[in-house]
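This is the structure, below, for whatever I ask next.
Think of it as A, B, C and D in the order they're written, each chain with its own count starting at 1.
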Amino acid sequence: MRKPIVGVMGPGEGAIEADRSRAKQLGRSIAERGWIVLTGGRNTGVMDAASRGAKEAGGLTIGVLPSADDRNLSEAVDIAIFTDLGNARNNVNILSSDVVVACGMGLGTASEVALALKTGKPVVLLGVNSATVAFFQQFASRFVVVETANEAIDAIESFLHPSV
Amino acid sequence: MRKPIVGVMGPGEGAIEADRSRAKQLGRSIAERGWIVLTGGRNTGVMDAASRGAKEAGGLTIGVLPSADDRNLSEAVDIAIFTDLGNARNNVNILSSDVVVACGMGLGTASEVALALKTGKPVVLLGVNSATVAFFQQFASRFVVVETANEAIDAIESFLHPSV
Amino acid sequence: MRKPIVGVMGPGEGAIEADRSRAKQLGRSIAERGWIVLTGGRNTGVMDAASRGAKEAGGLTIGVLPSADDRNLSEAVDIAIFTDLGNARNNVNILSSDVVVACGMGLGTASEVALALKTGKPVVLLGVNSATVAFFQQFASRFVVVETANEAIDAIESFLHPSV
Amino acid sequence: MRKPIVGVMGPGEGAIEADRSRAKQLGRSIAERGWIVLTGGRNTGVMDAASRGAKEAGGLTIGVLPSADDRNLSEAVDIAIFTDLGNARNNVNILSSDVVVACGMGLGTASEVALALKTGKPVVLLGVNSATVAFFQQFASRFVVVETANEAIDAIESFLHPSV
């Protein structure tokens, strides 16, 4: 009965334009399907872009922040969960998402993908390079590699509603 | 721009009927004002009653759970945040609430009221006894003691919109 | 085979001289018995005094800090656990202690006593007033109230080695 | 004045014999230098082997556990920190270590290396393959890749006492 929650992870300050652009489109498409976007909640990089995209499409956005207050909160977050856990909040992001999308890659995102795969959450890797794919392939198989936001949506759909 | 989040804390398995009844009415009234209800998310006691009340009035409910999965999740929770933090998640509840209401009292609730007052969050004590009031009065003053859900709503309103 | 760990909790910046004095003597006596002192690790109040007392007697001290680094670390801590959890680290203090002593009372300490009693850890309340005792008595019985560090040591001993 | 703490991370149940063997030797050598070994504390894989090695050499061992109690605690841990944080405890391991050694690789270890590099902690990768090195090289440079426990000790020494 609860709406699916799609976690969109990715670089913060270090995000490149391609990551932010894909994140925004992804956020918009997630919202259009009636799913909820969950991010790390800060006003930068992929998390900010995904939340903004979702708001453009009238969606609901959750931000799970490393901080205790709203100093770096994205304006596009509807529901802010202030954890004061620092990087330990990455695990909360993962556990609270039905599917995890990594839109681009960085060290924080790598920790989230690793914890997601360890926990058994389905993962979509969007716009990552072959070195990243080769690394995670050593340890897990429950992830899909895609290049566009549209392909990511198809992959999320498949994870949420596996056909027989 | 974000909707106010009212945290409703209180006993779980040990809740008495009066606590649950007040929590349900409180949840309903919070939702009627357009505020969001945040609880500990489990399917028992005050947290479950408050979420159920809010859903009866068409409100949005957030549950911040101690567990990693939905085994003990209340059916009345719309957005489940799975923390896997055990009792350490109590601090997340507090930090993510604009006002904290303790509806009844127990050891978990006591830890939340203590952390809320320490953090400077406004607190409403609903239906607690004089020993509880006497205890917290030693350390803090930013709390209000009330007997009914209606009075709690007035107190929340005063904290959210202080008149000059 | 592991040495018993005694958690000494109490006010930080707000500690009064009597709390600090008792904490120092307590730390010394814990170390003399060959037990390990665990505190919140900061360089202030009861935690600092207890660690200093233990070091005077050549004991081992553990500090479990709310921060990510050693900026506010007590010089008397041998082993610093940096949690970056803020107040959520209070639960780690409790879980890692075989017996918890509250030396004085404040909001942070109240949260720790509440979580300790909830978890079933034995608690010694040292130098607290009747309002505090009356509050916790409502919810739990596995605690002892004492006035001196010597009495606290006896109480810890009884919890660690219950006679038949 | 505090003794250096060396975090030894690595696969748990999935550790291969080569990882466990290197971890044991590493634990022994760390203890011989007077440093403290910190691990994830469970009775399996690299963490158990590293702690056992350190105890053979009379060293001090810290275990930072994901659980709330000692059910899966290694016998070779002297000081057990029970976090009840699940995988979020990985960040506590990192922050509490002066140098982090990954002895082998897996998803949990990957999350720890990623968080360590993100936090700026020096990292030694011991016995990992080229895919792992290639992955982390994309994002950070403060790590050393070695093949033997002896080389790991030299690398730790260089990080702890950088020559001018």
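Observations on the structure shown:
In this section, a contact is a pair of C-beta atoms (placed from the backbone, for glycine too) under 8 Å apart; a residue touches a chain by one contact, two chains touch by 3 or more.
Just so it is clear, the structure is predicted and the values come from calculations on it, not from any experiment.
Of the two interfaces, A-D and A-C, the higher number of touching C-beta pairs belongs to A-D.
Of all chains, the one whose mean C-alpha position sits at the greatest distance from that of subunit C is A. Averaged C-alpha coordinates put the centre of subunit A at 29 Å from the centre of subunit D. Each chain gets a centre from the mean of its Cα atoms; for subunit A and subunit C, those two points are 41 Å apart.
Multi-chain contact residues of subunit D (touching two or more other chains): 68, 84-88, 91-92, 119. Contact residues of subunit C toward subunit B in the complex are 85-92, 105-108, 110-111, 114-115, 117-119, 129, 131-132, 134-135, 138-140. Subunit C meets subunit D in the complex at residues 1-3, 5, 36, 62, 64, 68-69, 75, 77-85, 91-92, 95-96, 119.
Note for the complex: subunit B touches subunit D at residues 68, 84-88.
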